[in-house]
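Here it is: the structure, laid out below.
A, B, C and D are the chain letters, set down in written order, and residue numbers restart from 1 in every chain.
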């Protein structure tokens, strides 16, 4: 990487380094996979990464906003589950139309997020705790609605789920991927080109200063959690498309995966520095690790965990070394 | 490793997407599948989903990419498989379900189901109870240790049991709490039950591990498990059979994880295009003290 | 008094206990049975001991602005290794000591690993420890062969479910670690240095602190605490469950630390607060069982209780509450201005 | 503002303070460290609520919910500590919240240009797309001022805007302030530099210990009277400072304590050589960004040098970390007390003993009694207020925080004390005290490297002046008959020593 950039005579900005490093590592992993396993090199494997992780991507984008302000949102997994259960309940039990259910789910997600944001802003409860409460609350709601998974056979959902968008050759993506990419682009735009987005960064840089600079920090904080709640709800809906089911056990531990993706993507957990694009790459890293293991297909359960951890380690350490050396 | 692909050579390639390794039962299940694949000469592509349906789906997708001959998997949950199974169908790869069923109305998505029926297991436990306490007068106080809230075995074993005992009002579940399928939680919850419930006649545990934990709580409270409090549980792991042989548990309903050999037979048949029955139940029994003693020496897990 | 850092956590704990007393008067009954104390309160102490231990370790990690997600995995590894050794060796005090030594030794190594990633490579703690969290459970399963290892060794079981002078040995061990940690931290300069590193890492570096070494130390200590907790958990149920032992305990531990008044942003910490926090969480769990809250409602119940506890502790909330109460009573400010001056 | 009262737990910061500000005037708010100036400003702009009293703006009673609302009402403020976002670019820090937009989309190009313009007004020319954290504290301060000037304001509040600026920048700033006064703005100005205040203010209000002492027209009061009102007693000005130190000849005979040869760092300072004798005060002079801080950091080991070597007591050593510097009894008191100096949530006592404790290691704790003793001694010596060793440093006034930082390094009894802007934000009483201390310590054999934006101060204290320009040591002059103009000239165009 170092030599590559030097040849071009292009010095990447310090803050872009983690992203470039991650990208290079991803390409390396892909090349390695394609050389080692048949069928890995087919483009569909890359597209499947997006198809399989579309919902996670949306959730992680919301999480990126929160982490950029220096906060954290532990409730995302539960809100995802709640969204799938509420969709199931409304469509299967109460016979609602898909669109009405979708609207309600998104509103619920946003409201839950706003509630947590309000706890954080008005009562100065630490984000970790406030969203942990949200996590318990949303999961609890799931169980009260149903302890059993709904199988969703709503025709609209089925069509949305099974529509494949061909990309030429044998390649295709799903509608979820399109939704996820739209969310990513919107987030990139909001963070880079709107006053709100820059306020998000400034809060992460120094919340006290941001307040003294006269920025609307309170409103922004609440908004950030609202966005995360909304994204989780949307992620939940994509999961409904993915699995056609509403299961109260969905998304257990998802918050950690999302946080990990964001942080692997180069965002600093204390806030103020990072990019949505990094988050996309973070998801890809986690996805490709899993794909490599699946293609290998010889690992038993515990070796799967160990190798996942080891690959994570390799990725993170290489990323770290690359960014450090070029400094 | 790697580099081998499905269709090549004579060996049949089987892609198996396991739920995870969440319990000893599951590990025995995995082991049985891996070993019998070896003996049957089937090339096994194995993946562990770490209890996540998403992971299972993506594993199945990758099997489709790798063009394996047959796909088998133990569904994490019953619903949500239509999309990916349609992809498999389009790719002409037959699918076998193991251990748990799925609830898709489209039965053409999979060739067959091989596994157990959790509701039936709950029912068996209930039937044992009604036999055991059939002659008892007065109320029979039951405490129940549920599995992980929301999971299919917990839901079904609870339901099957409740259906049977509902027939007689003298059976009363006085306390029911989740023990999350673990010994530690089983013990912790039982400790609390023993304090909040003045009289407990029977403990029904959704799996053996919770029953084993509860036994320790009962002993610590100065009571005799199997006598003061009768215990019935599901699964049939070695430790539970030992406890059963010792009289600490009264009845165990088996849920057999060793379906590897049966599965490999099916895989070969399906790969050869033979017809197979749509549903195959694994061979399962129930254990009492005598049969536990007899079965113990050969118990592998 | 209300200014003391532990005041509100203790109030929250007492309030929860009071709620229990009202809901179920038998909750507090304690009797002597088989030569040891028996009752819900004893259970809280005994079952809460592992969480207390981990919360103590986690407090120090959090004080340096870190976080340790791998404690659950360390619990599983430590328990599995100890039980594996004991299952393979004839029982006795000697085997138990070896097993404990092995398990704690391995925990130490795991702590060194975490410390290396964080302090030496400079990887963000949450990710650095995530690696071990993921891989560690696999290692535990590798050790145990994926099966629950059941053991039968009285000396080992004593760690988790024994009694000393009618009191559960687990809580005594936790108490000992607590006293030791408190002494170590407050009698030496460790506490101050850790708080400085957590409060302002760059300033601490420029003040000549060896922050890498300190960071290393806290991760090792945390892993050791988790290792002991792992022994306790496995000893309590006479078996090692690599899959479930310590699952999600990191969340509970972090919650305990934060409820105990330590900020996740590092700096000032309170080990005593973490212990209170852990007891609070365990009390909550026992309450759920004792009151017979249905499993579907546990999460909602927890959400409500934790919310109440946090609001109670939140100065901002109390301020707002007071203002609301004060407003109708005294609408006019005490010293009204006599004359209005025109400015600007 | 009338009858303002503000109480913090344990501290009555403002007690019945009134204050008037008219359009088209510059009004100075004067007082010692901890008098309540910053608090008054924060109350005015809604950062703190008041316990009692009223604020009237243009005839209507107002009460702002926060700086945002105050800004909307036309009050633009530069708070005392640099309150900007280090992770954002300079341009953004200038424009944040008021970015030029089209259809809600931030126009980055115009924004950069606007920031450049605003900074140019203050004669600052930096790369506005650089991250703020890469800029020196002085540049940051100027950025904060530029930000405040950007608002379409009726009232401009400047809380110690000049504390780390050198003469040139100050002159530029005062020029801008005067022109804004012409435009009819009401300007509130806080500074500990009496001459600046007299140069620009029309009127002044004096606070002492949170109480209003009085309001005076600049024309009616002399500097000495003002200082007397501020501190409540006569101040003996220390004119005889220079005589108390060792003479130049003595110092030259003293052994060399530290010697740097071709020490340099890419992007920091170019390789330089420097000898510091025991008991010698070496002053560093240079313009903003000339590399004084960088040089100091290399000598301490805060940054790692790329080239050259350091010898301490004649032995070559490798100062890789601050810890190594500390072990060689070198102390470095950073110019940036907020981010590089203090741990705000710890107490005064804990901050004071931190470096000493670090050098002893964790296993040899200072006893509590010893800590109290040390803290008590320096609280008294430097007049830290409130005189409570258990107060949180974050709650102290800016000047008092600076004193705490100084105390931390003094107690390590270093052999080389590097002071980077030690008098930043310190009132005159304390400033003379610190200068006296430096002279005294050097007389006792301690070497001091003294950096200050105030050339006078440097000249008064130093035996030798090292001049930097464009991150390069351009001259080393014995301070014998050296005048400020001489040094200025060297700083500006450079010369061979």
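Following the convention adopted for this analysis, a contact is a pair of C-beta atoms (placed from the backbone, for glycine too) under 8 Å apart; a residue touches a chain by one contact, two chains touch by 3 or more.
Per UniProt, the chains are A = Sugar ABC transporter permease YjfF; C = ABC transporter permease; D = Sugar ABC transporter ATP-binding protein.
Remember, it's a predicted structure, so these values are computed and weren't measured experimentally.
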Identity of the chain that, by mean CA position, is farthest from chain A: D
I'd like the Å distance between the centres of chain A and chain C, where a centre is the mean of that chain's Cα atoms. 29
Mean-CA-position distance for chain D and chain C (Å): 43
With centres defined as the mean C-alpha position, give me the chain A-chain B separation in Å. 33
Counting only residues that touch at least two other chains, what does the list for chain B look like? 21, 27, 30, 149
Residues in chain A with touches to at least two other chains are numbered 143, 147, 301-302, 304-305
Residues of chain C that contact two or more other chains, please. 141, 146, 295-296, 298
Just spell out which pairs of chains touch, all of them. A-B, A-C, A-D, B-C, C-D
Write out the stretch or stretches of chain A touching chain B in their complex. 36-40, 42, 44-45, 48, 51-52, 55-56, 142-143, 147-153, 158, 161-162, 239, 242-245, 247-250, 252-253, 287, 290-291, 293-302, 304-305
Note which residues of chain A are touching chain D in the complex, please. 14-15, 192-195, 198-199, 201-202, 204-206, 208-216, 272-273
Taking the complex as given, what residues does chain D use to touch chain C? 1-3, 5, 18-23, 52-54, 56-59, 61, 154-155, 186, 300, 302, 321-323, 325-327, 332, 334, 339-346, 350, 353-355, 357-366, 408
Write out the stretch or stretches of chain D touching chain A in their complex. 47, 66-68, 70-71, 77, 79, 83-88, 92, 96-97, 99, 101, 104-106, 131, 147
Residue positions on chain B within touch of chain A in the complex are 1-5, 15, 18, 20-21, 27, 30, 34, 44-48, 50-55, 57-59, 61-63, 65-67, 77-83, 86, 103-105, 148-152, 155
